[in-house]
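Input: one structure, supplied below.
Chains: A, B, C, D, E and F, in written order; residue numbering restarts at 1 for each.
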Amino acid sequence: MHIRVINPNTTRGMTDTIGKAAASVAAPGTRITATQPASGPVSIESHFDEAISAVGVVEEVLAAERGEDPVDAYVIACFGDPGLLAAREVTRAPVIGIAEAAFHMATLISTRFSVVTTLGRTGIIAEHLLENYGFSHHCRRVRAAEIPVLDLEENPDLAVERLIDECLRAKKEDNIGAIVLGCGGMADLTDQLTDAIGLPIIEGVSSGVKLAEALAGLKLGTSKYGDLAYPRPKPFTGQFEHHSNIKIQ
Amino acid sequence: MHIRVINPNTTRGMTDTIGKAAASVAAPGTRITATQPASGPVSIESHFDEAISAVGVVEEVLAAERGEDPVDAYVIACFGDPGLLAAREVTRAPVIGIAEAAFHMATLISTRFSVVTTLGRTGIIAEHLLENYGFSHHCRRVRAAEIPVLDLEENPDLAVERLIDECLRAKKEDNIGAIVLGCGGMADLTDQLTDAIGLPIIEGVSSGVKLAEALAGLKLGTSKYGDLAYPRPKPFTGQFEHHSNIKIQ
Amino acid sequence: MHIRVINPNTTRGMTDTIGKAAASVAAPGTRITATQPASGPVSIESHFDEAISAVGVVEEVLAAERGEDPVDAYVIACFGDPGLLAAREVTRAPVIGIAEAAFHMATLISTRFSVVTTLGRTGIIAEHLLENYGFSHHCRRVRAAEIPVLDLEENPDLAVERLIDECLRAKKEDNIGAIVLGCGGMADLTDQLTDAIGLPIIEGVSSGVKLAEALAGLKLGTSKYGDLAYPRPKPFTGQFEHHSNIKIQ
Amino acid sequence: MHIRVINPNTTRGMTDTIGKAAASVAAPGTRITATQPASGPVSIESHFDEAISAVGVVEEVLAAERGEDPVDAYVIACFGDPGLLAAREVTRAPVIGIAEAAFHMATLISTRFSVVTTLGRTGIIAEHLLENYGFSHHCRRVRAAEIPVLDLEENPDLAVERLIDECLRAKKEDNIGAIVLGCGGMADLTDQLTDAIGLPIIEGVSSGVKLAEALAGLKLGTSKYGDLAYPRPKPFTGQFEHHSNIKIQ
Amino acid sequence: MHIRVINPNTTRGMTDTIGKAAASVAAPGTRITATQPASGPVSIESHFDEAISAVGVVEEVLAAERGEDPVDAYVIACFGDPGLLAAREVTRAPVIGIAEAAFHMATLISTRFSVVTTLGRTGIIAEHLLENYGFSHHCRRVRAAEIPVLDLEENPDLAVERLIDECLRAKKEDNIGAIVLGCGGMADLTDQLTDAIGLPIIEGVSSGVKLAEALAGLKLGTSKYGDLAYPRPKPFTGQFEHHSNIKIQ
Amino acid sequence: MHIRVINPNTTRGMTDTIGKAAASVAAPGTRITATQPASGPVSIESHFDEAISAVGVVEEVLAAERGEDPVDAYVIACFGDPGLLAAREVTRAPVIGIAEAAFHMATLISTRFSVVTTLGRTGIIAEHLLENYGFSHHCRRVRAAEIPVLDLEENPDLAVERLIDECLRAKKEDNIGAIVLGCGGMADLTDQLTDAIGLPIIEGVSSGVKLAEALAGLKLGTSKYGDLAYPRPKPFTGQFEHHSNIKIQ
């Protein structure tokens, strides 16, 4: 099984981190490849970053669909799940966002959880996703450690310290059974945080890989019946002209 | 007051239709300019189309922000409100999506409404927006006339006939007080449909213009405090490199 | 365009304040007239006050409908939106409550807001309205400055001081982008509070006027199809006998 | 125990029907008195009728509170529960609306129910109440037999025939375990409908009486702590001047 | 009228407490009998305890249905309402859980309430019930006094002290009008707590008895039409073989 | 990895069917063992059956926890997820219900799905689970093919015919992208139905196995922090005396 993990930002170091984290949980028969868009923001910390990155995500899926190395399932490795429904439209394979993956896993091992994300301003993205996915009542609180995303790469010690502090506050105050880490860049911190915090820490990249394996193992792909069917072919203009009369299936 | 109406697709005919519809309801002191992205799909009928068009929308807002003709408010004239929150982040001006505009107006003159959109597959986009905006309980049903968007331009008689049929079914079956038209391409049909159907027909472009005037008239712009503040400047790569170290404010 | 702003309480000073605030945001072609019921409470701070004032509101609308100065839209200028649906039934014109107006505006410029109202006991009215209108998830918290309504008229300095304090607490603690002022009597404080607080302050009277202009500008009136149609004429008794066999349309 | 049943409309025949229905289910130690406002509509079939009748309801409660025949609990016998919260504010006794009473009872003996009311246009009132009380998910459908309220008095045979037809449709189509009758004027029809329909028929007046007995039996009255405390005394003007400086407790 | 109060745990002292509390509020014509399962946990403080006790509850109902002392209504006297829907299936009589009973009563005398239960870990059970019954929005907070259930029997002074402390915190912090006691073992504390706290204290056993009287007084029993009909007879094995080919009606 | 699939009913044939279906999707390193309680109903078609079977489920988990063949994850193979939270309390391993498993999978490959279950009367169980898990908005409709559960074993041809008919109706009428099969006894029908219906058919046993593999692969087990911690040891009486002073961890 070939799972393609797409880092929606363009920071190769983070792609590597994510790819390694994905590989570390993959089943024996699973091959992980990690990619990133050629174009886009180096980190995703706003609706603006997210809108731009969504294009990169979809283009990565399209490239894989047309490539010579067939992909069995995709994981979108940014906690805002950018481009998720668009990506689903252009493939028969399952596509998993890491936020939804982590939320699903969290509800299976606890009755209530909190999210600890990077910046306060991206908390709203997590809140919107919780509402869309149906998990608002299962999440007690969306918290931010106030770490810029790239600090996870560049300033890891301080970042981890702040993360641990915020997770401990969540444990103490939120009446929860688990914590969801709210950033793809935290993919390599699960073990460290689990040890430090003392309750289950759920991370999205690893969760996404296992859900992707699960769906692909069931031969369940994105439904091509109804509103996730392939897009109607049509002209595109300008820098998106290459999507004209899209042929995918 | 200068309101910029952005047609998120790249069909100039539709931009013209939308611009005229916007101008026809504008207050005396309001100047309408209608634009469209240089790049993107000719119509928006899928999550894929929407993801691509969101970039065009945001780039149009950025261009206007940096242009010499200051804009007091923006209207995003596609019923999926593509790029809405991203667009809000990059300006102090208010930004209104036509779906939200129509929903707001509908709740002010009726207790329950239905939506009549183009294609069945885009109904899910309207459903998601209704949930996000809080209007799920006010909308009885999202219906589709099964008209491809561009048929509104290219095959208007048949399109209008189907629209009228679906609106009449909504009136008869849905226990409603108003109908929301679910496509920016229907912007010139409000009067015709109102006459034909016999209950208030709410159209998003015109609704968006009036809400934009309302907000701008109150000197209320997008909050720059909290999660809609300007995005953190950062590097972008590839075809989006021009967004690097964004300076807007 | 003629917008009638109805102050649901019987304090003329407040009617004047509200009328001036309304006029100060009205478009060039808009004429504002402000009235108040002949009968009712001097301020509205309970469900009891609200139930009584609802009659006054509806009677004011009926009087205007039968008067010689045609009204294009009504604004009900008390934050509990008393008599809103009843008022809508007796006119083809749009009728806007200032609470709903402020909530609508707040969702267009921020993702989350808080309400700051007068007395703690009236907070429940705002909570109920938020639920009815669909905005519960957009409002973080309903706060009270614990100011009796008439103190806004009679003891303005202290009232404003408390308001500012509570707004600053909301800004600091609530993770919001905007604040909604929860009382018609605060209509003249918007500018002062905006300056003092540093995020958008949304006030209902001004919001209501602009929404009324918006709807009237679209020729959208209250739906007379379905459950907001004119009431069935019938006998009334006692002090309400004058409503017998109501003829409005 | 003295339960005062208030018919919010001014049709004495309906007051008698309601009073008899109430008495027929009262416990041995319970005395029922049935009253109606001196002023108001002869039936309640619109938001307008409801707003007017709310004043009558509250005045009836106030009159009783000041009267010489102490009341232990109140029932508001119109399916819109007009004036419910206002009435609660002016008494320490429990106050029960017949819509809420019927909904509560329905959820205790079935998992899902439907409502059959009089006119389609009043269905929205039931929908709003279901939302406010938290019972939206327990109610499958609000149906109307399209009977004007007074036809229940004046044209009972046809009215009952239509009611039975609509209840049978609900039984067949709605996947329910019980039916709630949506009008105080149906108070004497419970047995007849139960026999005809073959599933539990829940009627609000009788339900309200038993809930009133239940609360009074527990010595539980309306909370005077918090937002249902007595209204702040204040001046009222005009025809409501008698409420000035209200003294109740 | 014969009301059978079932204490779902097997601690006779608690059955006695509950039975006395029930009898103390029963109407003159009501006879209370209190029982407990022969088998099960001595207290219910977890999902595990609850699952086991549900069997005991249903077996108690079945025993009563087959017994010689006909029962008119049942009350399940544990705040998790264990076995409620199963119990309803096996009888035509109404069956009331004390959690639902208390929630219903609380919404009738206040707009918002809090729950004070025994252990923090059982709070989730109350939260789930609030969601299922539709009362989530009416409850501000589920609190725990951190008292093991049997301490209410064995160490009553300390238990009451902690309860009072937690109730006072709820009164001070939660913006509520009433408090619901979250454990059947608190059935004898209502008066004491009402005096100490100064707002209405709602207790489930007494509430359940009065609701049971109310339903039985209306001749309303569990609907045998639809999903609460008697279970289909079928073989059972092992220790549950006695339920084979169940005949109840 | 050892996954224990527990058939909550006592029909060995169904246990075999479920075990085979589970094994057919298991990953290479996964060993499936399928068991059933010694005591309980032969099929689960009511709340009563479900309450009894929950005990069997928990006892099976306890037996496994104390057994010599360590279990890495449990699947509860009845669509009502009986005993789910209780089972979670008594183990550190993940425990997955097949209803939740199927719902989770359905939301990952479609935006809207319908459920097709056996009997109409058990539809309410699915509805309650959808609400509890947060998936109400993702499910368009819960349908029943009106097949008794054991007919899936004893009368498979007719049962499959009815299932196909109902699934085709769901496909035609419900505006969905996937169908969830609502009974563990349908575990061997997925391929046949997928071929016949033409959209993704999601079955719970297979979904549960893959989610169990996913969680165990992530070393994520049921949270022992908070409300799913091991139950407090305590005395049990009668036929449940063996649970006294439970020691599991």
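General remarks:
Everything that follows uses one rule, which is that contacts are C-beta pairs under 8 Å (C-beta built on N, C-alpha and C of every residue); 3 or more make two chains touch, one makes a residue touch a chain.
Bear in mind that the values here come from a model prediction, so they are computed numbers and not experimental data.
Fewest steps needed to get from chain B to chain D, stepping only to touching chains, is 1.
Both chain C and chain D are touched by B, E.
In summary, the chains found to touch both chain B and chain E are A, C, D, F.
Note: the chain lying farthest from chain F is C, by mean C-alpha position. Superposing the C-alpha atoms of chain D onto chain E requires a rotation of 180 degrees, rounded to the nearest 5. By the residue-number overlap criterion, the interface of chain A with chain F counts as same, with over half of its numbers used by both chains.
Between the CA-based centres of chain C and chain F the separation comes to 52 Å, rounded to the whole angstrom.
Centres computed as Cα averages put chain D at a distance of 44 Å from chain F. Averaging Cα coordinates per chain places chain E and chain F 29 Å apart. Contacts with at least two other chains are made by residues 85, 88, 111-112, 120, 123-124, 131, 136-137, 175, 226-228 of chain C. Chain-to-chain contact here is organised irregularly, matching neither a line nor a ring nor a star, and falling short of all pairs touching.
Under the contact rule stated at the top, the pairs of chains that touch are A-B, A-C, A-E, A-F, B-C, B-D, B-F, C-D, C-E, D-E, D-F, E-F.
Against chain A, the residues of chain F that register as touching in their complex are 25, 27-29, 85, 88, 94, 96, 100, 104-105, 107-112, 133-138, 171, 175-178, 198-200, 202, 206-207, 210-211, 213-215, 217-218, 220-223, 225-228. Taken in their complex, chain F has these residues touching chain E: 10, 37-43, 45-52, 54-55, 58, 83, 85-86, 88-90, 120-124, 128, 131-132, 148, 226-229, 231-232, 234-241, 243, 246.
Against chain C, in their complex, chain A makes its touches with residues 120, 123-124, 131, 136.
Taken together, the chain C residues at the contact with chain A in this complex read 111-112, 137, 175.
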